[in-house]
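Read the structure below first, then the notes.
Naming follows writing order (A, B and C), and every chain is counted from residue 1.
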Amino acid sequence: MTFILYLINGVSLGGIYAIIALGYTMVYGIAKMLNFAHGDIIMVGAYVCFFAAASFGIPPVIGVLLAACVCAALGVIIEAFAYKPLRQAASLAVLITAIGVSYLLQNAALLLWKSNPRVFTSIVGTGAVRIWGLSITYVTITTILACIAIMICLTVFTGKTKMGKAMRACAEDKNAASLMGINVNVTISLTFAIGSALAAVAGALLCSAYPTLSPTTGSMPGIKAFTAAVFGGIGSVPGAMLGGVLLGIIEIFAKAYISTQLSDAIVFAVLIVVLLVKPAGLLGRQVHEKV
Amino acid sequence: MKRLSRTAKTDIFTYSLVTVGFIAAQLTQGAGLMSSSLKGQLVPICAYIVMAVSLNLTVGILGELSLGHAGFMSIGAFAGAVAAAVLEPIIPVPEIRLAAAMIIGAVFAGIAGILIGVPVLRLKGDYLAIVTLAFGEIVLNLINCLYVGVDSKGLRISMLTSAEALRLNPDGRVIINGPVGASGITKLSSFTAGFLLILITLFIVQNLVNSRAGRAILAVRDNRISAESVGISVTKHKMIAFVISAVLAGAAGVLFALNINTIVPTKFNFNTSILVLVFVVLGGLGNIWGSIIAAAVLTVLPEALRGFNNYRMLAYAIVLILVMLLTNSAFIKSTLGRPRLKRGAKT
Amino acid sequence: MSDRKTKLAPLPSVNFVPERDAAFTPILECRGLGINFGGLSAVNDFNLAIGRTEIAGLIGPNGAGKTTVFNLLTKVYQPTKGAILLNGVDTFDKTSVQISKMGIARTFQNIRLFANLSVEDNVKIGLHNQIKYSEISGLLRLPSYWKQERKARERARQLLSIFDMQDLAESKAGSLPYGAQRRLEIVRALAAKPSLLLLDEPAAGMNPSETAELMDNIVKIRDVFQIAIFLIEHDMRLVMGICEGICVVNFGNIIAKGTPDEIRGNPEVIEAYLGKGFVGGSESRKY
């Protein structure tokens, strides 16, 4: 029975990773860059949510929506100022810029909101439901549901809508897409907006489950989600979902059955093994070099 | 050869740069003009210079992104701390003990380099990057759970428990105490030792680059397929570069650790790896003297920005972004004429 | 795949070697060579033999599988069918690197120089397995380092002089004009001391006078180094001018083999290049 409980908790934690990983993977797919600042967007989202509830008494659901809007705007601004000028530059230069943006967000948060950790009030309350003798928290259930909903929406969006198709076209070949009349800049901005809005949602869920909030809150989940995106095959939306959920399950199981202290080492060791067996991640496409 | 080639000139320039920097620092120190905080930074600057030059070997010269370079530094630091403690009764001369500790730290880091390199170097690009990131996190996590002590019976090692589990004799002492790290380290490092380590690093890296193996490494970076077509083993040369890079990072770790009283595992986390990567990229990929200057300046910069007080890390971040935008945006490209890193393998 | 298990006996015929090499063992033999990419057969039942000092051509329309043949010969791709015998030795389990050491060197259709390195370094990299010293003597600059480096430098200059490029030795390879880059690729391949040199569209992008010079040089290379040269080319003047045997492929299959004269008159070849309707009469269609 505890096994099932761990499994559910694993899926829930993995769901959060998955939502963050979606941001990484979408941005990578279209801009071919690792957006290291993504983890810190989570933190910003969580802070917006926190202050919306704590200072203005805004109901949690609206708080999350507000956070999503703020983060989407933040994502678009960051893209426009820091990444767009470097679109033709070497990928490492963009990576370092992203690291700079990450430092910037962290230190700005430190100045604005100080380093003392805040206690985050769960957006769905702290209760739990009992099903077949298992006690499952509201947060867990909300996370899993949110994750499924986001997955469905994204699949429909990229598969059926015009904007979504433009996004896929840009990911495939930006030049060809622009020749077909797709506005590449708008599409990239939109991708950053969606990814960052998702990060805000993930931030709210993360801090509901683990209620301490500080300017470095986003770092470790960011790294883990980044790992999850690669684990599932970076650039692939279902891959990010699968990678995130598996990573969460592995982490919870490693904590429960092997060792709490070594759980991170185990998660990363599994990642290395997976990449050795499937060098492009679980659902990634192996690209062959044309000779 | 009557006239020096361009690479030979660059090499000599780099050696001179380091020597002049060393002499200048010694003179200002002797004249009492150096602030005490900067004095304390001298050895860390040397360690970071070695880190940057060695990472440049992987990222700039081999062309593979590594996000876990601090992992090798960590292995070197803790292996060196243990070695220095164990060797204390055996080798009384501190300089020789430091050298011995450095060799041991470097060897351990080199072994780690081989262990991680053999399976992962066949991965490419971002996947290799993420595996090195994972490696750094694993090292951090493992050392967080590591307990090492020494007593009259020799070395005792334990994982995952506590310092008590080492069951040391009364004469023994704990060297590595899990998350608390290594404490009570005897200071063995000096600025001169750091300077010598930089010279050795330069000697190794520059000689390597200008040799047959080094050309093969550059060939693998520029075009893997044509390197293979002229009979160059890609894996072997990736390994050479990666392991030498790890060995040097290990030595830098020893230098860093034996300079301070206490060293915690989290000192060598992901942020440290990134910090060193920033030195390398700002100094210019494949540009050795660029790495040296970037490492020195950026280690001192947070001190220099002290006037900004609370805003100094914010200023640091903004400086970093602006420098990247200025040097890489379409306008001011190719300012330094640095070799561009391949993006994909299009020709 | 089962037919790949046994080593093949030396094969009898199917070569198009000129009579002067009558008692030869070919440098290269392909038997039933083929590869599938996800069910699509890119090269199929490719049989060919090339003599030790022969200049042979591989021609065919775009997408016919010419470069794929080169990629199979150099093990960039692993064949799914058939065998390649180099100097009578089966190359079944060999890698690209081993193939290079066994004596095949090549150039690439989309130039693959070490663009950030100097011209001389490009050639020295080609000499990687010819002029050797240990990694340790390289790191410590022992006497063997200096001696072998000098040798490599002299050899590199000598090879560059084939195309009169010794004055460009210090320039960056990526900054050379297009034609010079193609020539440098040939020099680099020659540095690896091949017994069979594969040239993938050596004259692409060259003007007629450059092409004429290249033709002379290819023949000169064959005569001086006494090696076989197998080349892919679209320029028919080059192919018909210097190749002693020509092999025509279309849709991954060999459709004709023979001397330039035989190929010129072959109706199937004309059809492959110009489409049906041009063959066997005056009937002309828009195409």
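Basically, a residue touches a chain if its C-beta (ideal position, glycine included) is under 8 Å from a C-beta of that chain, and two chains touch if they have at least 3 such contacts.
For clarity, every value in this text was computed on a predicted model and none was experimentally measured.
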| item | value |
| --- | --- |
| Distance-maximising chain from chain B - centres being C-alpha averages | C |
| Identifier of the chain whose CA centre is least distant from the whole-structure CA centre | B |
| Euclidean distance of C-alpha centroids - chain B vs chain C, Å | 44 |
| Geometric centre distance via CA averages, chain B-chain A, whole Å | 31 |
| Chain centre separation (chain A, chain C; CA means) in Å | 49 |
| Touching two or more other chains - residue numbers and ranges from chain B | 225, 340 |
| Contacts with two or more other chains, residues of chain A listed in rising order | 291 |
| Where chain C touches two or more other chains at once, by residue number | 76, 108, 110 |
| Chain C - residues contacting chain B, complex | 74, 76, 95-97, 100-101, 105-106, 108, 110-117, 121, 124-126, 128-129, 131-133, 135, 138-141, 145, 148-149, 152, 170, 188-189, 191-192 |
| Chain B - residues contacting chain C, complex | 6, 204, 207-208, 211-216, 218-219, 222-223, 225-234, 240, 339-340, 347 |
| Chain B - residues contacting chain A, complex | 59, 65, 119-120, 122-124, 126-127, 129-131, 133-135, 137-138, 140-142, 144-145, 160, 225, 270, 274, 277-278, 281-282, 285, 310-311, 313-314, 316-318, 320-321, 324-325, 327-330, 333, 340-341, 343, 345 |
| Contact set on chain A toward chain B in their complex | 28, 34, 82, 85-86, 88-93, 95-97, 99-101, 103-104, 107-108, 110-111, 219, 223, 226-227, 230, 234, 259, 261-262, 264-265, 268-269, 271-272, 275-276, 279-281, 289, 291 |
